[in-house]
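The structures considered in this document are given below.
Below are two complexes that have chain A in common, paired first with chain B and then with chain C.
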Partner chain A sequence: MSAVDAAALTAWVREFARLVHEQRDALTQLDAAIGDADHGANLDRGMTAAVAALEAQPADDPAAVLKTVATTLIKTVGGASGPLYGTFFLRAAGALDGDDGRALAAAVRAGYDGVVARGKAERGDKTMLDALGPATDALDEALAAGKPLGEALGAAAQAAAAGRDATEPLVARKGRASYLGERSAGHVDPGAASTTLLVEAAATALAGRG
Partner chain B sequence: MPVGLVVVSHSRALADAAVELARGMLPGREQTITVAAGDVDGGLGTDATAIADAVTAADGGDGVVVLMDLGSAVLSAETALELLDDDVRERVVLSPAPLVEGLVGAAVTAAAGADRDRVAAEALRGLAPKQAHLSG
Partner chain C sequence: MKKLINDPADVVPEALRGLAAAHPELRVDHENRVVFRGDAPRQGKVGLVSGGGSGHEPMHAGFVGVGMLDAACAGEVFTSPVPDQMAAATRGVDGGAGVLHIVKNYTGDVMNFEMAAELVQAESDTEVVSVVTDDDVAVQDSLYTAGRRGVGVTVLVEKLAGAAAEEGRPLAAVADIAKRVNVNGRSMGMALTSCTVPAAGRPTFDLPDDEMEIGIGIHGEPGRRRVPLAPAREVAEMLVEPVLSDLDMTGGDGVIAFVNGMGGTPLLELYLMYAEVVAVLEKAGVGVARNLVGSYMTSLDMAGCSVTLLKADDELLRLWDAPVRTPSLRWGA
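And then the complex of A and B:
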């Protein structure tokens, strides 16, 4: 079993960038319904820049891969998703200690805690946490049950997608969508949608690792 | 060294104008005010790395007070704290004051040599004159 090393994490980042680019217009349409119609374009710009930064200066150290993604997203995304995704990768980089599935799960948990602290949101507020929270829990539970990393990430991706879909009837309580009040109900949250892509990308790119 | 001030805004024009307004209150006096505003392409947005740089530039060792506009400016300013060295971070206060009124109050107080907490308190009181005037 090959490790969750710098190459593996780079593959995760590349797959996330690919999915964001592919779903760019769909993400922007979700954001047009309840936000300012820039989420797909912003995240696509940020992840394209992150992939370019990793190509320009490939990192040997797994934590350095996540740190590069963090600083690139912070610089290039603009809007709230820059500091939120940036904090996820920054805290994950700081917590990553090892190159197996458990180390990855601990890093993801630290990233999740960072997003909670930064955004001051709770699950059910119709934010990215509604996908990231269930995914983080599912990853930990599956690994604790002895499942291999690929399978655990598959479970995490399913949990993220279910959490994303469950944001549709919710009324937004954070961010720009919260200005809409009741009118924000009936639309899937764009942050939860892009976060689901992040977890799905991990399931695809890291299957067979750890 | 007087306390350093940092202005964080989505808009470079908004930040520069706020600084110009504040400097108008400080004729002939030195006061460090740095700006982190706009995205990398000059559009609307905030960038935590730019904020961290602006804080470092404003830090003379006696503290920094950061004024910001709204929304992601606040998230980016908090994220910037994570990017700073521990000793610098301990000297920084993120002010919940309104940007324009807070900046003017902070600038006048800082230029007079007050310490960081006094400057931050004065920023927070920035709305008081307007509130008093309009409630009369």
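And then the complex of A and C:
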């Protein structure tokens, strides 16, 4: 089985960028309902730049791939998504030690912890954590149960999607949707939706690795 | 969508080119999208940096100049600028007396400014203090939420802290003025129409002809409730009363009353609203010491207005009257 190397992580980033571009208008529509109608456009701009940066300077080191994505997102996205996604990739890059599934899961866990620290939100606040948290847990649990990485990422993607769907009835307590109070209920959180794409991209691009 | 634009993706850099052409007294760093005072950095003067998403013009770039901001960072429409921009602005206004960041309380703005301050402080001795504005009474403040939004009071903070910095006061004193203004100011806004983000191409929300949104912010986000359209007199009450019930404004030296247009409302209606606001204040026993009427913190082409009241004192009134020379606010200089 091939390793979770720089090429594999680059494939993950490219697949995430492709999904964000494809879902750009859908993400923006979710954001229009409870935010300010720019999530799809901002993340698409950032991920397009991240893919371009990886093409301009291909990295052999897996952590360098994640770091390039992090600094590009922090430089280009702005808003709340820039620092949050940027912090996810930056902390994941810092924690990545090895090229197997366990190493990837530890990096994802570090990225999740970074998003918690930067955004000061908790699960249930109707944010990206509601997808990223369950996905991170599912990934760890599946690997601990001896599942191969592809299957574990599939479980993580399902957990992310379930977490995303579960944000619909929630009243937002963090982020711009929180200004709506009760009116934020009845809509899926756009950050949880884009985070689900991140995990689905990993399941697609990294199946058969680790 | 009918807008005077070329490509939606180029709106912000192209507007900055126009600002630079119209105001040669300012210096525009096009790469970082930062507007500087032409003479920045001023040695020994505290540097004031603000910034935020574009679409709120004239805030913030229109308030760069003598007696107000030293630099303003322009983000994408309704999107916080990125840390690199804020760090470039901070370095560019550092005259040895420290830099004050004036940040509106939105999750993205707060996080990006935080990261910028970390960047600058990791590489230099520049002292950076942040003041976060959160004056919007439409949002319930709580430990468990993102807190109130920073809206109209931000313009007053930039004017008053700017005047204090221009007098040569130290960083801590300038920051104190900014905090005092934020603590003593409250705002409430309403919309008659939504607004259209150029990249989205259609209005952010639909608002029927006979309804209005009460408690809106400045990003075209829907408000807290939707009510039937009402005469200006009643709208003034709906905006002023929540402000007064949140903060007692009676007594003392009166208030600075700021009636702000959201971008798509004519000055004719803003003056009409100002008269109604004054009438509500008179009934409540609140005196108006100074006022500001006009579109200073907008939400693209949204029609509507916000009311900001700042409980004033002698010192704040003196700072208010101090000279200011910026593209969009100028008197006495």
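Here is the rule we go by: the second predicted complex is superposed on the first by the 210 of 210 C-alpha atoms of A that agree within 3 Å, B and C clash if a C-alpha of one lies under 4 Å from a C-alpha of the other, contacts with A are read in each partner's own complex, and residues count from 1 in each chain.
By our rule, a residue touches a chain if its C-beta (ideal position, glycine included) is under 8 Å from a C-beta of that chain, and two chains touch if they have at least 3 such contacts.
Everything numeric here is computed off the predicted structure, so don't read it as measured data.
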| item | value |
| --- | --- |
| Superposition on chain A - do chain B and chain C clash or fit | clash |
| Touched partner set for A:T28, first chain B, second chain C, both or neither | second |
| Touched partner set for A:G208, first chain B, second chain C, both or neither | neither |
| Partner chain in contact with A:A37 - chain B first, chain C second, else both or neither | second |
| Between chain B and chain C, more extensive residue contact with chain A | C |
| Touched partner set for A:K75, first chain B, second chain C, both or neither | both |
| Partner chain(s) touched by A:K174 [first = chain B, second = chain C, both, neither] | second |
| Which superposed partner A:L90 touches (first chain B, second chain C, both, neither) | first |
| First, second, both or neither for A:R183, with chain B first and chain C second | second |
| Against chain B, colliding segment of chain C, chosen among 22-30, 148-156 or 166-174 | 166-174 |
| Those residues of chain A which chain B touches in one complex and chain C touches in the other | 74-76, 78-80, 82-84, 118-119, 175-176 |
| Chain A residues within the chain C interface of the complex | 28, 32, 34-38, 41-42, 45, 74-84, 118-119, 173-176, 178-181, 183 |
| Partner chain A, residues of chain B touching it in the complex | 39-40, 43-50, 71-72, 75-76, 78-79, 82-83 |
| Complex contacts: residues of chain A adjacent to chain B | 71, 74-76, 78-80, 82-84, 86-87, 90, 118-119, 175-176 |
| Chain A-facing residues of chain C, complex | 53, 75-84, 106-108, 111-112, 115, 138-140, 144-146, 149, 197, 199-200, 204-205, 217, 219-222, 224 |
